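Both of the next two complexes hold chain A, though its partner changes from chain B to chain C.
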Partner chain A sequence: MNSNVVTLSINGKEVSGRDDETILELALENGIQIPRLCYLEGLSIVGACRLCMVEVLGAKGLIAACATRITEGMVVQTDSERLAEYRRSILEMLFAEGFHVCSVCVANGHCELQTQAAHAGIDHIDLPYLYPRRKVDASHRLFGLDANRCILCTRCVRVCSEIEGARTWSVSGRGIEAHIISDFATPWGESTTCTSCGKCVQVCPTGALFMKGASTAELEKRTDFLSWITAMREQR
Partner chain B sequence: MLSDELKRITGHELEERQPLKHRLHVCMGTGCISAGSDRVKTALETELRVMNLDGTYAVTTGGCRGLCAAGPLVAIDGDTNIAQRVTTENVPELVQRMTDLPDSLRLPTEMPFFRNQKKVVLEYSGNLDPNRIDDYITAGGYTALNHALTEMTPAQTVDEIMRSGLRGRGGAGYPTGLKWQTVAKAHGERKFVICNGDEGDPGAFMDRSVMEDYPFKVLEGVTIAGYAIGAQQGYLYVRAEYPLAVKRLKSAIRQAEKIGLLGSNIGGTPFSFNIDVRLGAGAFVCGEETALIASIEGKRGHPRPRPPYPAARGLWGCPTLINNVETFSSIAPIIRQGADWFAGIGTEKSKGTKVFALSGRVNYTGLIEVPMGTTLREIVFEIGGGIPDGRQFKAIQTGGPSGGCIPAEFLDTPVDYESLAALGSIMGSGGMIVMDDTSCMVDVARYFMEFCKTESCGKCAPCRIGTAQMHDLLTIITAGQATLEDLERLEKLCDMVRSTSLCGLGQSAPNPVISTLRYFRHEYVSHIVDHHCPAGVCSALSQPQEAAE
Partner chain C sequence: MSRTLTIDPVTRIEGHAKITIQLDEAGQVRDAHFHVTQVRGFEKFVEGRPFQEMPSLMARICGICPVSHLMASAKACDMIMAVHIRHTAAMLRRIMNMAQIMQSHALSYFYLSAPDLLLGMDAPPEQRNIFGLLEADPEMARAGVKLRATGQKIIEILGGKRIHPAWVVAGGVASPLTEEKRAEILALLPDALVLAQQAFERFAPSLERFQAEIESFANFPTLFMGLCSKQNTLEFLNGDLCVIGPNFEPLERTSNAEDYDELIGEAVLPYSYLKSPYYKPLGYPAGVYRVGPLARLNIVERPGTPMADRAFAEWHKVDRQSSFHYHLARLIEIIYCIERIGELLHEPDIMNANVRSHAPVNRAQGVGISEAPRGTLIHHYGVDDDGLMTYANLIIATGHNNPAMDRGVLQVAQRFVKGDELQEGMLNRVEAVIRAYDPCLSCSTHAAGQMPMQIELLSAEGDVLSRVARG
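This part shows the complex of A and B:
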């Protein structure tokens, strides 16, 4: 498909890009960071975490930067007091939704939720904790799933279906009851589709998916393999 | 030719009716069936057979007449002679005094409930047998399709809808003609038409009734849309909780196919169009267009960010037109009677009529259709007959879980898209719940939030967690355990969820809270500060302050 080059402004800075790029992609190219959790380069866009909401001049409401393509003359503001407050609020809600106790988590220090919270200046949670009763699945030989740390970004679902092609993970249930399942809600260890490739563990932004044997704060995750795979596929 | 075929069917049908002295339409809508109308119909047939009258009297399945409160209804020959609350016991009396009904049976059809309505979508007001295409054709059905196919180009058809000023009846009120034009102009070899029959608001049953009573009219509207935008395939997305509507629509599709009103070369023209039914599996969010499309594609019914809008990339990536059942049912009358006629009804910006499901604390509950611009007062106190048991009107809830509560001081507001939005509610799909002074507004807000919490799909964080948090806060307010800080927290959450949610469900979920806070803030404060529920609904606080002390 042909694409045109367009010029627009992000945070007052004039930038240009192809019109098939999203606001988030162009911002990152130009060294402008926008908070995000469900977005991961190389995976499809879902626009679910709503952290990357930005203000666009003339738009009816806020716009998800990851899911919106740039247009000529667009005036984008990625930071404002209002946006900062909404982002803090969404992050607080994510903390209050599950059990996020950093001090005993394998991902402590390498957790994207923790990093975003630190950036947003969150030092306490104002909302009541929901204390859900969620399961831990340790049936897999190499990996584990602690659903209490899951923020439903669905990166694991997407990487498994789009990159590995196994489609082991999917979402079950609605609303606050929604959760990740492997196969037809069978234990991960008994999954007949899982190839044990571990991509889901690597892309998980929190400690929800983890490698067995890793202790508190030991689990560093790598997501850079995704861009290599995507690049190789596009070349072919 | 199509028009000859329609004339032939009409002629045949009228010939069949020739020897009949009277036709009895027994309402077979879901409301009347639950009141026993199916048993009444059998009893009527038996009675007529016993009295040897079955050759001159016909008992037919009729549609809903709106006044569900007085069902089962049996109409004799038309709209003026109707028997109400018919049971198997009073069937003999009904047959004996058919043309001169006793007062105990006679429905006063001159009452404002009937007099003040204007029927466009419900134009045959229950006088058609929804199971027979011949009945619909005899009443003038399919002349609109014939007219469009033989005398109008697709562009002229779009223009006609555009000029009529019709706006989407699903709730948001997007101009229908503009939507049609966008899809008609979109590039794509394949295009689709989808009829959204996933009605799910609590207290709303307009679309159910339209699909049950006028399935052919829905098909005709969808087919005309297919012609106008250049689609070959249409889908009716109907929730599985409406089995009667599904049954009648499926039967209607078969009958229309049989006489060439669906399928290849409709009426001998080059236009080919098919319609299939798809069932919703009970998720409210599938009424949202992108989630609905995902559901038809066989995926989990999750919304996705827009743009791209379905008009550009919809079902299987093709340009797709999605309109609501009521919108499609307005199409045939517009083509038949012209855009100017339709644009002459209603207000400057909201044209035509709107069907409402009137329920709650009002004397006459049921289905009504009024011109846009009718005031809420007329609807509640004239058509609805006022509040029962001498109680006080408190508020009217419009737009279901996406709408708001409008208090008594705004009763003279005309019903149109802009006026209701200005009051912090929405037109919505047409649910209207009347509340009197026995309703606690905090409890009402809690009820709708519980609905949104249960129906949130869970995809985006603000809606998934926000509705749960707001529901918890409303629950502790109704339990008298909240503080004023909690109220502040609730208001902040409302603003955040409204501004950041992915789809319409989340963006409008705070509306019932925001609107009750706007007009009934004192009730919230009373629950929190005085630990008192003014309406006496919240059981934890039902004792008045003085008595408790």
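This part shows the complex of A and C:
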């Protein structure tokens, strides 16, 4: 595949990359962090969480850094008061929509949502909490799904489909009713497609997917396996 | 005209409560009640959660005694998993539980009750607090702060934080002891033991000054309930559940936690959110019992450590039916806890790295019983096949004492409240009888907040004639 090298500016810094790279990829290569939740290296890009929105000079609105390729002469700003405000709003909405009780969560201290909130300086939520009554699916022998903690990033859906090839997970319902289901909305423990590989649990950014038996703050997730698997496949 | 005095809220206790005192036409006390005015609802909102989350969720019932709830909850979870936890894990849990009892007793005695005991029941209310104590007797106040800090520090060393440590888990504890932690805890104990012994030696001889209070602070025969070791010594975590009669005669002894349901009934009274438990075979109110330090020391033959055993000699000299002696019992238990923590840290198996057992759901029910600072704590859980909570019943230490506190209020009011003139010292004694039990009302009704106090004088028709408020 042919690609050209382009030069652009991110936060006032001159950087170069291949024109098939995204703004997020190039930023990360250059040590510039952009907040993100649905993006995970090794999985396809959905641009669902909108946390990685950046300002691009001349663009009408904000641009999702994970889903936008770099072009010659682009002027990108990844951090500004306006962006910080948008990101805080997004995070607040995630907290208000679900039921996130960090203090008793298995992922406390290792949760990407919690980390992003801390970086954004969120110490309270202005929006009214919806307090949804979502079910916990603990029917699987090894793992559990607490839909109260799910932010619909769809990392589990993508890793199951793209890496494991099992396609156990999908999204059902629309808007505020959207939720993750296994197979045809059967309990996870009864799924005929699930291989119990646990990849979905590892890539889940919150405590929504968890290992059974884990206690508060014990669940440290590892996502590094993804880059190894994809690298091995590409070599083959 | 008959009147009602209302003390609302009661001060220097943990949680929200009020007291009402009913006066007859002659101004004599006719009736009195203790009302718990808060409600929490933990039993309801844990439904549907994975049982492994319960220790951490239940610890949130209380910021004073999170560890006690962790213990009872973890024990109930052990039973759901049908595991016998490792010996080392059981010892480590014991150490943390005793550190909790020690810090809570220090809070109760030095911070909440010592102002009454040292400065006097009739001292001006603005002095009757920890700051007044600090002024009158800085040494004693410092000892209280130090003892409480020691207990909290031990909890922190073991669990990573002082309040709500997640270290106690279903199946044992999350991590083993290290040599550094062991040495750190051992280094804290000698000073603490000296302070505890001094406090005891100072308080025991002063008891004669409180004769009137000893006679009237809930001084009546009741049953007593608590855990007790096979050797009839103090055991706060893994002992048999024992009930003794009003003459200290054994009535019941069981090592099966699930038996609690056969032993304890719960009466619901119209004037309080707090249920009134009773010993089922005797019914309500004949089966009213007390729990906590007073009950525990009345049940055991001796505490079981050298210095606590020596202090226990004093115990047989006192009127053991009086709830005033909760204070003395607390001081003896602090000595015991410090000594016993030291003993356990010298056990050969204490450094074993195997401290956690893993298992799925093997039983549909689990009951965990532990001794909290205030008495016997029972957590009873039901789970579905996937381990999700279907049911929770909590009987909290303070709850057991509810009927005895209620009766104690009447007894002390009859002794000290005269006519319709409200005096501070008189009201303080009515509150102090409650304080002797060191109730934790936020725990017992599963609510939040602090407890100031107010007394109202009501006519027979319910009109407020006068009101005294503080807090």
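Simple rule for what comes next: the second predicted complex is superposed on the first by the 236 of 236 C-alpha atoms of A that agree within 3 Å, B and C clash if a C-alpha of one lies under 4 Å from a C-alpha of the other, contacts with A are read in each partner's own complex, and residues count from 1 in each chain.
By definition in this document, a residue touches a chain if its C-beta (ideal position, glycine included) is under 8 Å from a C-beta of that chain, and two chains touch if they have at least 3 such contacts.
Note that the structure is a prediction, hence the values are computed from the model and not measured.
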item	value
Touching partner for A:G47 - first (chain B), second (chain C), both, neither	first
Which of chain B and chain C A:V136 touches, first, second, both or neither	second
Touching partner for A:M211 - first (chain B), second (chain C), both, neither	neither
Chain B versus chain C as contact partner of A:L127, first or second or both or neither	first
Dominant contact partner of chain A by residue count, chain C or chain B	B
Touching partner for A:S103 - first (chain B), second (chain C), both, neither	second
Partner chain in contact with A:C197 - chain B first, chain C second, else both or neither	neither
Contacts of A:G175 with chain B and chain C, given as first, second, both or neither	first
Where chain A meets both chain C and chain B, residue numbers	none
Of chain A, residues touching chain C in the complex	103-104, 106, 135-139, 141, 144, 146, 189, 212-218
Chain A-facing residues of chain C, complex	48-50, 52-53, 55-57, 60, 164, 166, 169-171, 174, 358, 360, 386-388
Residue ranges of chain B touching chain A (in the complex, touch as defined)	283, 300, 304-305, 307, 453-469, 472, 489, 492-493, 496, 499-502, 507
In the complex with chain B, residue positions of chain A that touch it	45-50, 53, 61-62, 64, 67-69, 85-86, 89-90, 93-94, 96-97, 126-128, 130, 151-152, 170-171, 173-178
